[in-house]
């Protein structure tokens, strides 16, 4: 992640295998994040514009100036089926970078959503289109088209490093990034975790306690827990 | 906007033509804000208490002390059909100034909603009544009735100047104010903008790129954008 | 509320009468808070993970280290039918302390929800289960199980003191705590208040003004309100 | 405050009498704000970059796009001796719009400071120059020079309406605006207030209580205060 | 901490032994907080108005409505030598409840400072008087005197429970509360801790590592730390 | 930046040439950030604990769990003369990870400061030691030593990617990171920029306007700026 690559568009990026991406989406954000050692979450201030959306997709990254959405138009050309735009401004902005016209264009290219550390607008139309967006703000503030940024360079979005082609998993719990090269391995771990949880869920639902299932009582006593 | 007008109620305010107000509501917040040169938005922390509400209305403004909702009762008497209350405390407050009883009274006068740079409560009932409120917070904290404020003076609400009788447009994207005297002109510009967008939406949906529709490639190259 | 009681689990706590708890739930947060002199609200940043939930329950309190959810497992064993977990970390955390597995366990014990001055995850499943949570954040961030906290000691949660066995009332307006020993008296006051509001609602709906119903005009004039 | 005046520079603005401005500065922010009925304060998040600065000055107002400081250069030409720049971006920005070079230019014109609802940088040099700035943030983030704003139009800065030529009083307590036309009257009230406070300060220092000096005991008892 | 005690002034409160209070002040906030098991800190948003102040004092607590400072006058009468006012509004407020006149009165009674989960003003004069205040905000906003609160009841201030007579320790690191009944024991533990730190400081200054002084290497290896 | 490297300590990292690091420190944060295309700033919420500190240093990075400072002890062993610790928790924390004992140890190894996206304590002693810290919060809250993190892996700190060995420049304006491999080139550009600023500062001080020095008038007119 050089500091020198402003004004650059990287055209050919590698993406993870589509079946892996879809597998991760089915596992969900919380499980995927656990499966890679509790890493990869974007900040919890990113919230979906409507409940129930759930995606797995390959990141097309966008670095933009505050209040300037010119580079989204550049980025759309790089979108392929199954991609998601991931945008971060170079300094804080809650302006409405993205709305229904751009969403129409993204969808026409096969894009499946947007993650944006800034604002979004036209959210009623986006909801009707079922084009999910995870954003820092809902804000109608318009943007200009004056200054270059870059497309498909590594960016920091909502506190997490996202490389172009990394896998984005997003649902009602938030957004998680998985390194492209590690995606298959993480999927395997996530599935193992889910399998283990199924059994535990049944036991918990039957009234068994986590204290017993996870064998915690001895360690708690050693740490000094007192019942009074 | 004098500093001396505390404890004042202005009874006769001018309002924009009803057809203009309704026309602006149909255009929506994002479009209206663009049509007046990207001005007039209230801060994006104002959020609707339920999704899907969309209003255009004339502002009855209320300046209140923190934690004191006495002046809302005074303001309700000034409400006419098609009005919306716009309230700002003189210093920060997230107390619950407005609830279902006041909403019942507002509706009985023909009022259509509330914009409040503070808190609101009874939101389940307000939702059932379909009485939309755009607020800074949902908060049950009660308020007192001890200190005067003013009704129908210019106020700053969520960072924007609102004069009594100005047009308020509010929807899922937030809240926008339009000067009463400029409302007809803004409506015209907004409709022009919408007409232009329809054509673009069709082209974008068909897969054409914004880069081409808006003829951006040459300017991007001049600024130095490099494809690698 | 001693400073010395870390690592303690209090097993036998008193709870309010179930009919009183349910009565308070029916009154709702705003009314209950008014009925006890505008006290008892938890901070308004606590928000429900889905709209429409409404509970009254007895508090099982949990004090936890930041990022460590071990004590929730200890607390679940103390849950009886009609209880709600109330959790506060000893310093700020928005980590996802609570998810669907723990919710399954809470439900199996008869618990009815969670109030948490931190994060929650698996919110789609929690919504499907209709297990309401009022939280500071939605966040998938996992937690560890390394350090003791305490269960059923007095805690400060979202700015309010909550004792074990206190009554928690929570709905779309937020969360309110009622002292166990005062619950019956507060319920009586709340019901009196509701009865009074019914009559006022009808008069307001008929177009009568609060200015007249509450006889405010004279006091306003004495304070110096001027109509212009 | 029209919505239509973007890209405008108003050259000839009226200013308050210099002796009035200086008199207000000597009274200080808290007293001036009280003298005009507790109005006129800018939001408390504006903080001075160093302690001890205290100014009274006439406002040269600047409306700027987020992250674009071009209009400050335009504004500096309009600065006369005793002026202060007051800047607000049209949407949130904490970028560093102002630094030591611009400060050098402001000082060369006789300007005495800056109030900015955004960021400032080079604060060590500004402190050495004794050029006070009240800002929302200290932030080195650079800005562009691409988009027009306006100079000397009414703006909302940190929640308060500021007209060109209004008097700005700023010190360690924050920033207050006084309408130009009301400045002489406010000064008189502020001086009256200060005179009254001197006598009270002596009595309080001698151990007399505010309860007695302000004759509060009877009213407190009437409201129901109980001593136990 | 009943919900029913609004409008109450408790006159006779017990205080900790003066030598214990002063001993705790000398230990400082960080050490005292550690000595009582990492408990008792008020939220870190409370900041001193000037650097270098350090106090130990007995709490005179004040519960106030938002924007109403009437009860401070009531509280001052209850102040004895070595006391500190601790104020919390019943809902959020950053108004300037406290300034130089009240500070003069507090000092005349022997009071040594103020902890306030709201705003303070006249901070230049307070600094000159060396009257320390730990506050949430610096804000000149004036307050009214209309509604009762209470004095010397248990309050929650900045997230911590403070009982009247509890010991407050405050310095550049923030504010900590110690239960009156536990103060002597905490002082002893704090002094033991300081003694232990002196020896460690010398060893660390000589270049020895915490890894060795605290014998951490084995436990780190067991947890799986890998050096590459 | 793999997701898999938890519990890792990288011992041998490369550092930039000491003369380059010192040269960058002399240029200061604002200039260095401009010299690398307005990139590299850490978020402006990081503030120095005392005014006037200014450092250039090589980053020893630390990834820690929330509320757990164990890895700082591990990191200190990796500190060489001229290094600075750069710490980021894996989820939000404002706990006081760092205080005077650790600072003593860092200094004994030749370390020159700390950048921490969390809290710091003992700030009076740190100030007396002249050990600068740029932090998100001042907070006395203690931390535990239970869970592994990593040392000298790439981290995201306050929104910026920091690799071990990258150059950190920090002063009153905030904190900037420069890639180790680009440090010499950035220094050269920064010095060029400073040379250019010297001449401009003299002209501005003499009363010349930026409008003329930077030849802005024609471009402003083309964009449509109107003087009225």
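Descriptive notes on the structure:
A, B, C, D, E and F label the chains in the order they appear, each numbered from 1.
The rule is simple: a residue touches a chain if its C-beta (ideal position, glycine included) is under 8 Å from a C-beta of that chain, and two chains touch if they have at least 3 such contacts.
The structure presented is a predicted model; accordingly, all values stated were derived computationally and were not measured.
With contact taken as defined at the outset, subunit D and subunit E are each touched by B, F. Subunit C and subunit F touch with mostly matching residues; of the residue numbers seen at this interface, over half occur in both copies.
The distance from the centre of subunit C to the centre of subunit E, with each centre set as the mean of the Cα atoms, comes to 27 Å. Subunit C and subunit D have Cα centroids lying 41 Å from one another. Distance between chain centres (mean CA atoms), subunit D to subunit F: 31 Å. Residue positions of subunit A with contacts to 2 or more other chains are 38, 41, 90-91, 94, 139, 141, 147.
Applying the touch definition to every pair of chains gives A-B, A-C, A-D, A-F, B-C, B-D, B-E, C-E, C-F, D-E, D-F, E-F.
By the touch rule above, subunit D contacts subunit E in their complex via residues 28-30, 33-34, 38, 41, 44, 47, 51-52, 54, 171-174, 176, 197, 200-201, 204-207, 209-211, 214, 216, 220, 223-228. Residues 65-68, 90-95, 139, 141, 144, 146-147 of subunit E are the ones that touch subunit B when the two sit in their complex. Against subunit D, in their complex, subunit B makes its touches with residues 1-4, 6, 36-41, 90-91, 154, 156, 159-161, 178-179, 182, 186. Of all the residues in subunit B, the ones that touch subunit C in their complex are 7-11, 50, 70, 73-74, 76-77, 94, 96, 99-102, 104-105, 107-109, 119, 121-124, 127, 137-142, 145, 147-148.
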